[in-house]
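Structure below; questions to follow.
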Amino acid sequence: MIIVMESRATQEDVQNVLERIEKLGLKPHLSRGTERTIIGVIGDERLINREQLSLLPHVENVIPVLKPYKLASREFQPANSIVDVAGVKVGGEEVVIMAGPCSVESEDQLMSTAQAVKSAGATLLRGGAYKPRTSPYAFQGLGEDGLKILAKAREATGLGIVTEVMESSEVELVAEYADLLQVGARNMQNTKLLRSLSKLAKPVLLKRNFSATLNEFLMSAEYLLSGGNSRVILCERGIRTFVEYSRNTLDLNIVPAVKLLSHLPIIVDPSHGTGRHDLILPMSRAAIAAGADGLIIEVHPRPDEAYSDGDQSLTPATFRELMSDVGKISRAVGRRLKVTP
Amino acid sequence: MIIVMESRATQEDVQNVLERIEKLGLKPHLSRGTERTIIGVIGDERLINREQLSLLPHVENVIPVLKPYKLASREFQPANSIVDVAGVKVGGEEVVIMAGPCSVESEDQLMSTAQAVKSAGATLLRGGAYKPRTSPYAFQGLGEDGLKILAKAREATGLGIVTEVMESSEVELVAEYADLLQVGARNMQNTKLLRSLSKLAKPVLLKRNFSATLNEFLMSAEYLLSGGNSRVILCERGIRTFVEYSRNTLDLNIVPAVKLLSHLPIIVDPSHGTGRHDLILPMSRAAIAAGADGLIIEVHPRPDEAYSDGDQSLTPATFRELMSDVGKISRAVGRRLKVTP
Amino acid sequence: MIIVMESRATQEDVQNVLERIEKLGLKPHLSRGTERTIIGVIGDERLINREQLSLLPHVENVIPVLKPYKLASREFQPANSIVDVAGVKVGGEEVVIMAGPCSVESEDQLMSTAQAVKSAGATLLRGGAYKPRTSPYAFQGLGEDGLKILAKAREATGLGIVTEVMESSEVELVAEYADLLQVGARNMQNTKLLRSLSKLAKPVLLKRNFSATLNEFLMSAEYLLSGGNSRVILCERGIRTFVEYSRNTLDLNIVPAVKLLSHLPIIVDPSHGTGRHDLILPMSRAAIAAGADGLIIEVHPRPDEAYSDGDQSLTPATFRELMSDVGKISRAVGRRLKVTP
Amino acid sequence: MIIVMESRATQEDVQNVLERIEKLGLKPHLSRGTERTIIGVIGDERLINREQLSLLPHVENVIPVLKPYKLASREFQPANSIVDVAGVKVGGEEVVIMAGPCSVESEDQLMSTAQAVKSAGATLLRGGAYKPRTSPYAFQGLGEDGLKILAKAREATGLGIVTEVMESSEVELVAEYADLLQVGARNMQNTKLLRSLSKLAKPVLLKRNFSATLNEFLMSAEYLLSGGNSRVILCERGIRTFVEYSRNTLDLNIVPAVKLLSHLPIIVDPSHGTGRHDLILPMSRAAIAAGADGLIIEVHPRPDEAYSDGDQSLTPATFRELMSDVGKISRAVGRRLKVTP
């Protein structure tokens, strides 16, 4: 941590800061420049409350030197984490595709989608039983009935299940059915939920909030890691910008940025990320080309009758096309697409 | 709802849309332009899934005509809602100031702050017992102990208590202590929490998420209203933008926009909204000048020792100055500042 | 400037950076922490190319300590700059209102608007002769004919003229007619235009680009100041965000931020800043309450027939109401509204 | 264009709107819904000033049905435009790479870069002679001397030249030297510059402003097309968001969106788009996978000594790696990389 003093700071102001740093059990290091005096702080700055120092008289700025996260950093763990989800390895050489409907609507709908995505080669089945909706008047999901339908689909197809959990009080129940528990974008900073999931013996899919910085995203992962759950998969799903031609702006830049700064796997959700079915194929190809470890894709047998997110769902036919495209890109970047036999 | 057909849509495509609308129990209304055919939908469009229609062949765009919220709209209720919080009326002629520390840290800290803000004229006491923090290593609040300290401060000062609730499972507990239950920005779309609060006989302070549109903000209020709780106070607390000189961008434009579109009261949180103590006074004046019904302000007896948010906390002395400034602006806009005697 | 080395940097990497700094004629200052080595640079960092240093092997980050602007900073000039525009002082105790139509459409239109805004008390007349329009098919302004009409209005009313200049080659011509030359938001970083204006003996109204940071805004002012023109008035006119209920997001936070960091006057344009006539009055009050030195307001005798920006234009009657409101707020913040007798 | 009346609009208000539409030479079409009356406008809405209609009494909203651009739309021209730049075809089957230094610094620097990018297979040479810089104290380019050095490099290597023009008064001069004239992001809405370029017999590379919507971007292209220059290449170069780990947010979503809506070719600039040399390779692969017609890349023989943009420049060695990667991706999407023999 570096403390920049204002140009008008007196000797006394500087002394005051030095004393505060020592009181915190850390070592200050003074450097007088031509326009500013600067004080370096030696020791683990993560333990200090930056804001307290910034309020001492005539402090101009307090600049952190270290990243706020530790366990999530590549500096802490240089090798890639590989997360096992019902036997499927995410973060290794193989590119993994999760697919299924936005919401579980009925047994028929889910079963037919599950068969379709399996036959196209998807390795995990997604489907929402608890749905966080903007409108109180919209379909809110089938709840536990939805979970039971998902379990049936797993039995029938052998595909592991990815589904969302919305509150800490529901973690136990959802974990009975799910192979990978999803934290939705709106819950990325639901700290009670993160703490519950950090005690769980199942992997977590952590979606980026649509206005989260990379630091904030990795700090939410840090909640899971520091609580004891190291099986964390990150997911980019679009950020909110001024842009008008897509519902969100899928931010693929975060994929290589995560790869540089963290050891965690990251997948991409181009369905929510763009909100437009006609952008999903090109952005899926781009995601894998940028280095993503997989995709999560909304597929519905009849998008024009979907209870939710029809706009951004692929038909089974288009999904097969996506699998073919993504297979080619995977090979072009020296990886291969994991395909269910 | 208006459906715009692509220029290449055939007679059959149009017929297809007409039939679907009728199947939904609504009445279509056809209009052929020079470049596009347009179909109006007569009936309550809120009941239709917009996305399903947009996927019919050669539909270019589906444009909603009505706002997605109903109970929150000024069209539904033309007169201002006035919300009673422990005897203090929010949304009427008087401007109401809520103040107190970011976190309850100790009985001493809270009591001295409570006395200070009361003597300066604040009418409600804020303080966090449950704190949603970006970092798992940061202070997370005193929990129920914090609530008990808040209750003591109410006894001592007579000020009503404003405090955050973070999960539906905690609503009952927090409601035992609080006079106004705050939904934090990160929880604005926590639908389970909103549903729990909608059944409560206490008022709710709903903070805007830092990337929420006005529609989304009012839809979250609609969860509360449609569930049966009409005592809703909105709160603007800054949005996330590219701007670098304030932690968030306090968006005062939403204040007059809410006044045009909704009957609900709206207050402003310039502490979180700017994240800089040196911007709080001018932005507090501006908020009241823009038509806000009140403010919520972070005050700490020693900001440079605060466990959280010291950067954006006022000292008791600066808070008195704020009350004086805001009193003058209130009169300039034909209102008056509510002051605790 | 502070250089943070990666944790894996060797003694040699550090030595390499020290040598580079000395080669640049500056003095390095080494500090070894527990996790990172940090090198302070003593001397005027504005003369160094930050990017070059950041590319030396195993440099993690290069952090500037000083602001990039100098002449525009309050540190350089502690007292407020007061800019004289045709005898009207901007930046002093008095709040100054500039008003007029978006575009000069005809002599009749301009004359009647000029009389109306003058009789309401405005002290400067705005009107566009050169119009930068998003669409090539929209009205692009009357050009020099518009300037001539503006000059006539000045003769008739005595009001000084504010009008936009779009290119360096037109500076001379526009300066013949205008009392205050406006740089539009789209041209805030048109460096050739800024350089031409920096040689001019007339004041400049510099509008903030809708995605400019405060640093960038003040750096554009620095172009004018460093070229020799110290008569610069800043103008906030709304930034681009995800918000949907106003065309832009008027960012009033920049007003007190500029007052802290710079000596330059700043006014606010709530017409462009909100893009909605029904938000202009409350946001005008808020702007003055936040500390703005004035306003620039679009007024049109018949907004529903305006060639441009009718949506955000006030009628003369509403403008009179604005003047009354703003007068009250000015007094509430200890200033007074400058009114043309 | 569709006009939505407020629910409280009277028969008279509706009549008023109908008359205004007819006065404008267009045909209204009335539709009375259960909650709103809606009026369709039949005829070319691009000729109407939307804002005027929105101001008629009790009009709630005026919604455009058509896109604001015409000549740039795929509806107007279904087949892809292919733009010839010094014999290199952009927008066809082949992927085209333009490369070179940010600024022309000296003959030596440019020549060695030109040879390096040519030997790696680049087909066009970029280099800035006129540089728009944020700071007045930064290197502003060599001007015409830079153009002359570019011309020499063309002679020596046979590579066509891409360089920026900043003002309409300089178009003629720059066009003497350049094969492709670049409009920088800051000038995307410099309408005088666009008009000058629209009369030119040379192709134009139009960079997206960092806060431009797709509509605005295509409207700037429309200035060029409607003025008579149909040789327009679009370029995405990053938008401004809240994101902190890249200087800009490269928005690849616009690539497939442009392909749907327009016939114009689009290339991507990952150097400016990310601002970080370590993100350029993955984002280059992603750009081509998303469907871009080419890339423009900053290459410098010694990035740590570059006068500008060193941070985001590749070394010749890394650029060769990029060419190899991009070649593989091109083949994976059924295209091939154009390579200079």
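Letters A, B, C and D name the chains as they come in the text, with residue numbers starting at 1 for each one.
Following the convention adopted for this analysis, contacts are C-beta pairs under 8 Å (C-beta built on N, C-alpha and C of every residue); 3 or more make two chains touch, one makes a residue touch a chain.
Fair warning: this is a prediction, and the values are worked out from it, not measured in the lab.
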Chain located farthest away, centre of subunit A as origin (C-alpha): C
Pair sharing more residue contacts (C-beta pairs) when A-C is set against A-B: A-B
Centroid distance [mean C-alpha coordinates] between subunit B and subunit A, Å: 26
Distance from the mean Cα position of subunit D to that of subunit A, given in whole angstrom: 31
Chain centre separation in whole Å, for subunit C relative to subunit A (CA means): 39
For subunit B, residues that touch 2 or more chains besides their own: 211, 240-242
Partner subunit B, residues of subunit A touching it in the complex: 46-47, 49, 51-56, 68, 132-137, 140, 166-169, 186-187, 189-192, 194, 209-211, 216, 219, 222-223, 226-227, 240, 277, 303-311
Of all residues in subunit B, those that touch subunit C in their complex: 211, 213-215, 239, 241-246, 249-257, 259-261, 274, 278-279, 282-283, 285-291, 325, 328-329, 331-333
Residue ranges of subunit C in contact with subunit A within the complex: 2, 4, 7, 29, 31-36, 38, 40-44, 61, 63, 65-66, 75, 240-242
